[in-house]
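One chain, subunit A, links the two complexes that follow: it is found with subunit B in the first and with subunit C in the second.
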Partner chain A sequence: MNDALFAQLSTLGSSLALLFGITLLWRRSLSAYISAFRWQSAALSALLVAIGYLGDDPELYFVAIFFAALKVIALPYYLTRMEKQLGGERESQPYVNVATSLILSGLLVLLAYAVTRPLVIVSTLPTRGGLPLAVGLIFVGLFVVVTRKKALTQIVGFLVLENGIALLAALATFGIPLIVELGVFLDVLMGFLVMQVFVYHIHGTFESIDVDQLSELRY
Partner chain B sequence: MEFLLQLMLGAYVVGAAGSLLGGDARWGQGLAALGATLGAGATLALGAVALLSSATLTLTLPGVLPLVGVSLRVDGLSAFFLVVVGLVGMAAGIYGYGYAAAYVGRYSLRRLGLLLNLLLWSLSLLVLADNALIFLLVWEVMSLSAYLLVLTESDQPGTVRAGNWYLSMTHAGFAALLGMFLMLSGGDLSTSFQAMREQTGGLSPLLRDIIFVLALIGFGAKAGIVPLHIWLPMAHPVAPSHVSALMSGLVIKTGVYGLVRVALDLLGGGPVWWGGTILALGAISALLGVLYALMEHDLKRLLAYHSVENIGIILIGVGAGLVFQRYGLMTLAALGLIGGLYHTINHATFKGLLFLGAGSVLHATHTRNMEDMGGLIKPMPWTAAFFLIGAAAISALPPLNGFASEWLVFQSLLGSAQIPVPEIAVFMPVAVGMLALTSGLAAACFVKAFGITFLAIPRSHEAAHAHEAPLSMRLGMGILAVVCVALGLAPAWVTPLLGRALTGLGGLPDTQTAFTLGVFLHAPDGFGRMSPLLTGLGLLVLLVAIPLLMRLLRVNQRLRMGDSWGCGRIGQTPRMEYTATAFAEPLRRVFAELYRPSKELTIDFHPESRYFVQSIAYKSEISPLFERWFYEPLLALIQRLARLVRRLQAGSLHLYLAYVVVVLVILLLSARWYS
Partner chain C sequence: MIISYLLVLFKILLALLLAPGLVGYVRWLKARLQNRRGAPPWLPYYELSKLFGKEVVMSNNASWLFRVAPYIVFASAVAVTLLIPLIATDMPFDRVGDLLLVVYLLLLGTFFLALAGLDPGTAFGGMGASREMTVAAIAEPTIALAIFGLALGAGSTNLGRIVSATLAEPGVAISPGHLLAFVALFIVTLAETGRLPVDNPATHLELTMIHEAMVLEYSGRYLALIEWASWLKLLIFFALLANLFVPWGLAASHSPAALALGVIALVVKLAVLGAVVAIAETRVAKLRLFRVPELLSVSFVLALLAVTSSFLLK
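And then the complex of A and B:
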């Protein structure tokens, strides 16, 4: 009974995370990106709590709290502030249009199912149903980073990718040790701060945060 | 022995730490020199003890490096190379104390002392390595520390370029070595050499051939065999002189060590073309090295080209040894290899001595150009005497050490009549001819090097105001000079020791009985015999005793003092002197096909009349054959390929990110495919 609930909950949480990830692909305004990321992180925090409770690992509660503090509150706050300062940038012309993006991300999720199949078959974890979804989320994050032009959307894509990794870690191991998780959070925070600095510099240099302009730097 | 090993490694570390902490301070430099000298002394002692007692020492320290462990082994061959490293290292360490003093305030002494100790540490450890991983690690430490040492005077023109050449050559060689060891060990680099020795018999002949060729390229690039010699004349001159001595005396010898270790010991010898190739490359290197040396007027570049020549002579011995070994002529094989090893230690000592001597000259005159020297024998008698000993030794004049080893190599080549295959038996005498020509040209070259540098009257202000080197530098040179003489006088005692070092490698028998210990050194099979002791005695009588006797008997009392090479002229200026270029001119004409010299003569006439000449400018260069026909096309090819690769670098960030995704997907799919 417990296991079945666990399995359903983890699949549900992973699906929600993936869904919010895919939401990025059809939205254009940056604020929509940020709110999708916030919702996704919230879903992941809840999932972490669920895994902590059902998998009997109280450490995960702390992880979930940190996770929520960082990714539901702090990073979206900074992102929103940046968006305001940089002034209403929109992801108006991505490299790949919305329809194609959705089809491709569907294919990427299928690919995720294909590559994780051997793992899912041998696994006895109750959370195994979510593994392909986590890998799919990683792919979708990468896809966003590759195909979107604005530096801010790329940052969100990167954060989604990071969420995918965190989800995979949580599903596959029921949470890595707290100290490692804390290290990862710190990494994400630092990475984010560095990227923030870069975005301001890009904006200052090119009057735009369109990273396409960086190709001018080629020697 | 273990104590000596610990002392050796510890002393280098102390020297490096002392230099790092002390910096420019005298105590720091003293500690750096002391560490290097003491460490090299311990290296020498360790090698000597192991060689004399024929003991082998195996040492495994599993905890030091995770996963692999450190395994070291002292056997005959490594003991011999330890002796070589110790001898030259000690002299260079002492010499460096005085030499580096001139660097205070100009270059970082902290770095110099640290790297010098690191280089000696790696050289000593390299020959002890008993598995491929340790060998490659230490090899890389050696290459990189030597590279950084070359860059010491990095503000001088040409230094960085020389460093780049050295680095790329040594890394190309490293790639070959890595591939070679991977094949040799079947993919696991931590396989011990002993296990390799047992496995190699079972490898397919093709694989063994590939291993040999890779070893030849990898070790050849380090040793500087033609056409991979190109970095020697660039990198050796620009390094500080005691580092040049180490590089020329020791670093390039590690190539010889590696080649002998892999081809003879680990692979146990191979088909006849292995030895034949080494022999042929050796003969070509020897001849081309000396020919290019003749055209050099930069004292240290000249010495660097002679390193190519001497590596050639060493490889002639090694190659002949491998050929004989293939035909089961074990005594002759041992003779050739002994000749090669003997020349290895001889070259290390006399070339070390010559580089230290050149360093003293550079120290005093601040130039490497021989055309600006001259007359240095008067202000620097010690340096001149030491340089003369080195020059005579490298010219293979008896009773000095160069003669003994070249004689052994000759003897081994002359035994080629015993090879049952006529083609090879015919080929070997060609090598004899090339070796003989090489020796003659080397003598001519050192008449030039010594004569132009030290004799006649000074050609420049700096040369006229030269000063003798400080005590530490003279001491460093003195050690090597004494060793040169000793090694030359005692071949009958040295040769059996070398035979002992080789015993057992590639099935070589114990050869000690083949050489009779005594005043005469007999080649096996009664082919020839020589006694440098008696030759030396004869020379002593001829050059010292007879003139002394004549003096005592007052035979010839009419003595007049005059200018050297005065020719009865009244006023004599340096411009009347014979120059290095002029000395080499006849040979430049004889070998014009090789040098392809280009001449440029510009005469400025007086505007009033063509019968009055204002100035004449004469410029002559030889065409660098290998640069032009081998390296320039190669570099062009690499640049073309690099331009192709640059298409990947389109400048679009998204494309780069897409590469990441594509690679990730491919990796995941391939993992899926294979599972």
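And then the complex of A and C:
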């Protein structure tokens, strides 16, 4: 019974995370991207707590707390501040239009199901149902990074990708050792700060955060 | 045998009677949420009786199609009501048709409404018809896919069988397939019944209207039938959302007590869904017409994922 509940909860949490990842593709304004990311991270930290409780691994509680502090509070706060400073630009013309990118993300999740199929079949973990969704979330995050033009939406895409990796790690191993998790969080934070510096420089030079303009020699 | 057919008759009458009340309730609740006093929830009943009493005015250009369409639209909505689980499981018409029939009966009504919109040759009618078809072209496969997601879990496309499968195994109600399918079907419900992010139900003259544009030429009892059918459609979608995903409360036996409980459960579920829709409509603004297909492709993708996850995680 406990295993069945565990399986249900983990797939439910993973599909919620994927749901927010997909709504991200539909939205245009940067603040909508940020709030979708925030909700996704909140769903993931709740899932981490659930995995910690049902998988009997108290370390995951700490991971969940760090996760929530970093990705529900700190990063969205900085993102919102950046968005305000850079002026509310919208992701109005992504490289792939919205309807197509939604269909493509659906296909990407199908692909994730296909590539994780052998793994899911041999796995005996109660959380195996969520594995394809986590891989799908990674694909969707990568898709956001490559198809969106604004530097800020690309950062959000990167963070979604990272969320997918964290989800996959939590589902597949029930928590990597705490020290490794902390290292990963620090990495994300550093990566984010570096990107923030880049975004400010791009904005300072081009007066826009549209990375499309970077390919032109003169502006 | 006779009793169960009487029960079917009762089910249809109940749906027909509840539908105007449901729409009135949503309108009233929405008005209250927006700090308006609002018309009383039973206003649609008066609207219907008024419209049935009025004479029919028709354009000279209108053909027989224009006159037949309201009956087809109304009859297809009533026929769908026969097939969906409303107050009890195991009804005699459960075995007549499955979800494919439901989807295509709904589409039949939409199709004839669009034809009737085109028939008198007015500008608004044609615009409304083409928009309605744009919406329907993406919405209908999404309904089919979303319910397929449930059907795969239950092993049957029969709506009654899907309900009893969920009742037998309550855990599947929170499986990802069900969750994604619910969100997909909810978005489609808003689109198909002309609710806010897609179409504004409160307006009669707006360039972007969809449903109202098609029925602009209708009057009298024809208008009454079409309006009644569209209200019934709202009830049908709500009932599908409520009873396929949260089937508890449906009467399992045909005893009077169980049926009374089934009716109460239905009314409660409709009230809850109506409140959700009213709150959602208060919070969102109408989408630009060109973004509607994007919203619908969100729901299509979700339905696709629902089918995938219930297929692969069986």
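To be clear about the criterion, the second predicted complex is superposed on the first by the 216 of 219 C-alpha atoms of A that agree within 3 Å, B and C clash if a C-alpha of one lies under 4 Å from a C-alpha of the other, contacts with A are read in each partner's own complex, and residues count from 1 in each chain.
Please note the rule applied: a contact is a pair of C-beta atoms (placed from the backbone, for glycine too) under 8 Å apart; a residue touches a chain by one contact, two chains touch by 3 or more.
What you see is a predicted model, and the numbers here were worked out from it, not measured in a lab.
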Overlay on subunit A: subunit C relative to subunit B, clash or fit: fit
Which superposed partner A:133 touches (first subunit B, second subunit C, both, neither): second
First, second, both or neither for A:113, with subunit B first and subunit C second: second
Touching partner for A:141 - first (subunit B), second (subunit C), both, neither: neither
Contacts of A:8 with subunit B and subunit C, given as first, second, both or neither: second
Which superposed partner A:18 touches (first subunit B, second subunit C, both, neither): second
Contacts of A:95 with subunit B and subunit C, given as first, second, both or neither: first
Winner by number of subunit A residues touched, once subunit B and subunit C are compared: C
Partner chain in contact with A:212 - subunit B first, subunit C second, else both or neither: first
Superposition-derived minimum Cα distance between subunit C and subunit B (Å): 16
Contact residues common to both interfaces of subunit A (with subunit B and with subunit C): 117
Subunit C-touching residues of subunit A, taken from the complex the two chains share: 4-5, 8, 11-12, 14-16, 18-19, 22-23, 26, 98-99, 102-103, 105-106, 109-110, 113, 117, 120, 129, 132-133
Residues of subunit C touching subunit A in the complex: 171, 174-176, 179-180, 183, 291, 293-295, 297-298, 300-302, 304-305, 308-309, 312-313
Interfacial residue positions of subunit A with respect to subunit B in the complex: 95, 111, 114-115, 117-118, 139, 142-143, 145-147, 149, 211-212, 214-218
Touching residues on subunit B, where the partner in the complex is subunit A: 649-654, 657-658, 660-661, 664-665, 668-669, 671-672, 675
